[in-house]
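In order of appearance the chains are A, B, C and D, and numbering begins at 1 in each one.
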Amino acid sequence: MKEIKIGLVGTGYIGRCHAIAYAQAPTVFPLKGKIVKEMLAEINDDLAEKKAKEFGFNRYTADWRQLVSDPQIDVVDICVPNFLHKEVALEAIKHGKHVYSEKPLALTVADASEMVAAAKKANVKTLVGFNYMKNPAAQLAKQIIENGEIGEIVHFYGTHNEDYLANPLSPIDWHCKKALAGLGALGDLAAHIVNMAHYLVGNISEVAGDMATVIAERPDPLDPAKRVKVENEDQASALVRFESGVMGVIETSRIASGSKMGLTYVVTGTKGSITYTQERMAELKLYRHDDPVERQGFKTILVGPSHPDYAPFCVSAGHGFGFNDQKTIEIRDLINGIAADDKMWPDFEEGLRVSQVLEAIAHSAHERRWIKI
Amino acid sequence: MKEIKIGLVGTGYIGRCHAIAYAQAPTVFPLKGKIVKEMLAEINDDLAEKKAKEFGFNRYTADWRQLVSDPQIDVVDICVPNFLHKEVALEAIKHGKHVYSEKPLALTVADASEMVAAAKKANVKTLVGFNYMKNPAAQLAKQIIENGEIGEIVHFYGTHNEDYLANPLSPIDWHCKKALAGLGALGDLAAHIVNMAHYLVGNISEVAGDMATVIAERPDPLDPAKRVKVENEDQASALVRFESGVMGVIETSRIASGSKMGLTYVVTGTKGSITYTQERMAELKLYRHDDPVERQGFKTILVGPSHPDYAPFCVSAGHGFGFNDQKTIEIRDLINGIAADDKMWPDFEEGLRVSQVLEAIAHSAHERRWIKI
Amino acid sequence: MKEIKIGLVGTGYIGRCHAIAYAQAPTVFPLKGKIVKEMLAEINDDLAEKKAKEFGFNRYTADWRQLVSDPQIDVVDICVPNFLHKEVALEAIKHGKHVYSEKPLALTVADASEMVAAAKKANVKTLVGFNYMKNPAAQLAKQIIENGEIGEIVHFYGTHNEDYLANPLSPIDWHCKKALAGLGALGDLAAHIVNMAHYLVGNISEVAGDMATVIAERPDPLDPAKRVKVENEDQASALVRFESGVMGVIETSRIASGSKMGLTYVVTGTKGSITYTQERMAELKLYRHDDPVERQGFKTILVGPSHPDYAPFCVSAGHGFGFNDQKTIEIRDLINGIAADDKMWPDFEEGLRVSQVLEAIAHSAHERRWIKI
Amino acid sequence: MKEIKIGLVGTGYIGRCHAIAYAQAPTVFPLKGKIVKEMLAEINDDLAEKKAKEFGFNRYTADWRQLVSDPQIDVVDICVPNFLHKEVALEAIKHGKHVYSEKPLALTVADASEMVAAAKKANVKTLVGFNYMKNPAAQLAKQIIENGEIGEIVHFYGTHNEDYLANPLSPIDWHCKKALAGLGALGDLAAHIVNMAHYLVGNISEVAGDMATVIAERPDPLDPAKRVKVENEDQASALVRFESGVMGVIETSRIASGSKMGLTYVVTGTKGSITYTQERMAELKLYRHDDPVERQGFKTILVGPSHPDYAPFCVSAGHGFGFNDQKTIEIRDLINGIAADDKMWPDFEEGLRVSQVLEAIAHSAHERRWIKI
């Protein structure tokens, strides 16, 4: 079986999730390629060595440029802070590597476009880490919609709300800085729900947005008496239209008290509807309007082996599904995509399209008018 | 105790609810006036007589003009189809009657303004039937917000979705005709959630709307092979800003498959949040961000005698609350307002303000830009 | 239309609910008899007069014996403390009155038997206030079961848990005294769930019970430093077998922290199941095993006009249903039963059967063996 | 770091879960020993070879006796059908291996006792796969109870219901045969909830049980027209008493239509209560009676990094938790137990204790009386 040699750049929160998924994937799925945890890069030798041992990588380096140019590496997995995605990706592409990048693809549409163009030119494969659409529940939603079980779609409502900055006294961090994060809640969170909207309903083609930096200043983490300016939005909302003409609303917030993982959606069709919240990631609610009126209601479907990509994890229904399991499905797509040319999606083009929507929302919020994508 | 003589015009769906509430109110509440079900008007003598007997009214008439001019009547209760609200109200006001009107106050802002001006000039009291804000759960939400328990409000999301026209083959009815209904889902449903937003967060001052007539034609009820044009929107969404600057989103639909009574709201503050759905009208969910992190979560509060206006119905918590019970609280407000000059709200001015918001949403949807109220 | 003259004895918590229901019923339902709120009895003239005015009764008395012997009275409605049910009922029966009694029918099986015998001999009609089975949701559950929609019943689990005495420092009250209450949680609460079990699944024929007085002593309300003995059970559980052989479990508690109105049931059949909690009294969850495996799940059905006894309250689905609305249905049964000989159930015989089950549970808990009813 | 060489016997449903957990564990946790997937055993060479490749084991065998006697092996992991647990375990113990066995420990108390005695004598470490108590939500429940947050425990209600045999036409399988499964739902399912009860509340000391084989015969899988006798119970219920005197009820069923993973519990204390269902394995509901009465309610706590054993999987709260993640925690306990003498629980003694409770329930159901453990 073909070996796929991974070069992991960055081992923080999300790098760790990738590592767990790499560890799990070969046992869960009959992969078409053999994962080799070849090399990882961190900011210094000590950390890189420590993480290589922890994650089971063969080699490590304190210089990511060395990793992306290493002839052994097949795919560069980018888990560095968002502002570095572009630089690492372009360099990897330059060396002909396939690229698997965390979201958001880049801080700006301009950067994302450059990345798409480079990947296209170099003819490398790309994948963006929009893991929530890999969840069996999301795939089930997609199936239900494609089967026509809820008729023609007439409306989409989606959120990605969290509350990690809900407390006005939480010290400022990189999320709040334009140079490091680009957009605020839009870039960090809404990227996921826009991708989900694209996946379930089709591409968004027009938006009218609003946004606010509710907490204008936050304490300096080193000197809490000092206040530092927040440079991007805490929350945003947008009216959207899909290419099909379907209406929708997208909302996002990083100060939505109580939302720990508030990726939610309601998809309404002429014959039924679907509702979902990521906080109960192993269930989907389905309503069918053609049930007899006296037996109508939302049915709570627990994901199980009759749904996509669940059985490899567990053969019994309703036994639950975890965050890293989504990532494991993503890794399956990565390996099979590279080893056997299976479809790899969401690719950089989708990453760009998502960026275009997010930037259009921000732009619209300033211009106070509808913006076409 | 002062007698308050009621003249009820219209005895259909909502007229019947009023009748149930008139029957129940004096036993539930220690009212400051004595309800006298004096006269009702219907479209013909037979129906009027039948309904007078059924609802326990002393007299009846087939001519509502006779009712509104009857010297005995203190308050005219308007439960006729929406397009007649204005005519009946103006005539009642002309005769110096207090007016209690169902929502929406009128089909247009122009009409609503005329009604407000007339009532002001005649110095009569007015009340509009936005009953959902009378619910103990809504009053509890208001209390929590006013107490500062969820901090400063930063976001409002509200819907009033139903699915009574979800089936594209449902025959056309008066809801779909401009002359009879004015706006579509906005007028019929969103009126409630806009009022609720005003009640909980303050007045809306600016909107950017979108809307769609998803089912452009519907079968003629008498000749199903024939299609008749739908003249107003099936669904609408709007970005809103409150006078305080708070951001929000309002949505409404009459084709929201699965939503039987989808008046819902999420109010987010700097210290917590509230969520509510009318389909579970006896409970409110409350999140407090200052709970210890390992004990944070939404608390499901069942309304009980420690909450506003519940104890008169039942002295035990969690025993439930019904639709007509809301209307009974509204009747209490009506009687005490007229008999003892207690505050009567939402009055015609609020009805007008709601109409202004709704019309602005529709206007904005056509103009594709933000509209100030 | 025949007048049904009501004599109400007792105007506390539950008497008040009856009064609300009497007020509401004639507007809600096309009754077969005319309710006349003829007379009420309270412990002294002042209170009786006050309550007669509040509840709209024509006459009042401080002597219930005068009421039950009044020739005008058709039906005696017993809302006095439980320990007085028997005395008032027997006296009413002696005077040939129909009797509508709150639950539990009596403090002991012996007393209940005496009441049944007396009513039978006098050929008067009887009704016991097990109002929860009047709820449209409960009637829907019954329909689903009778239609065979969940196949043959194989198991019943039911509770009636509340937490009104959960706090060990709550002062002692009449509930805790044998002479006033008879059994503890069993008599006060479990009576309802046993009746519901009978209604949904059939009569219980055998029980094995356990029970405990968890808080052995409580503060004297007048002298909190003093402790007074609790004389009956705080909680009880029982294995039960129905006449059909079906297995089940019944539980009850008055110290079940968090249960405000914890009447719940799960009915399992060979083809599906039903779950219900009274705290969400307007919904029923239904699972059908013959749904395709990938679309199986519990469906949340909101009660609406397509379900029994909902439409008279409201013509729209999902608009909610309240505690007193159940009582209003009960009053409809009372009036139609007396005026037109419609079926009146649960009657005293059912009240007795419930008492037999409860007493058997308590007996079994002492004897530590199964007891046949 | 010390190597812990695993010998896995059986690679079906649960063997696969173990394999996933072995793969994941070293990346998730900083283990105190190094997992070496040394050898696995299956029923023939082909399957064994296939599974060794799939699960990443170094060696394989078609003879489990070879595995348990292999000098390299440190711990024998028993994932064979239940009726073989004893034989494999005794043989492994004979060779001085530590033993990690799936539940139920054995088919009978006699067998389980023999296993406990052998392990004790050989001084080997033991662990039983009661994975549900490893869930962060269960550990949180334990913490809340131990902290006294819900006061003194007064009641436990627990179920483990599933519906894998709900359809009366599902063909007979090994679960239904005494020689292969021992007890029915009690052994297969209730083992988990009895262990959970022990974990959360303490040991059960007395039971009164009832049980039924509802579907007496099932189709022969090879000849559906033929019916084969079901030899053990489809469902069982028991009143229980804990050593502390606390009352409880345990229920189990394999025909509970709609329950896909119905391990649930309600723990009630004098100051609050906890409710949990495994179908929403990443949340726990907590009620505190000392909240102000107007703010009382069940709080839905989503597990997160502030709760036990969640952070190693994900640093953000509410991101979900999966079935195999529980098993990964169990593997952590196994490795750290063997490598560093950390506490390993539930051990064989707990497995025996659980068997004693289950057998006592079955015994009590036959004898129709309470049985002491």
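As a convention for this text, a contact is a pair of C-beta atoms (placed from the backbone, for glycine too) under 8 Å apart; a residue touches a chain by one contact, two chains touch by 3 or more.
In this text, all values refer to a predicted model and were calculated from it rather than measured experimentally.
Looking at the partners of chain C and chain D together, the chains they share are A, B.
By the residue-number overlap criterion, the interface of chain B with chain C counts as same, with over half of its numbers used by both chains. For chain A, the chain with the farthest CA centroid is C. With centres defined as mean CA coordinates, chain C is found 54 Å away from chain A. Chain centres here are Cα means. That of chain B falls 35 Å from that of chain C. If you average the CA atoms of chain A and of chain B, the two centres end up 41 Å from each other. Each of residues 283, 296-298, 302, 304, 317 in chain C touches at least two other chains. Looking at the complex, you find that chain B touches chain C at residues 13, 16-17, 19-20, 22-24, 26-28, 30, 54-56, 162, 164, 259-261, 278-283, 302, 304, 313-325. Taken in their complex, chain D has these residues touching chain C: 150-151, 154-155, 157, 163, 166-168, 208-212, 214-215, 234-235, 237-239, 241, 245, 247-249, 251, 253, 255-259, 268-273, 275, 287, 289, 296-298, 368-370.
Chain A contributes residues 140, 283, 286, 293-302, 304, 306-307, 317 to its touches with chain C in the complex.
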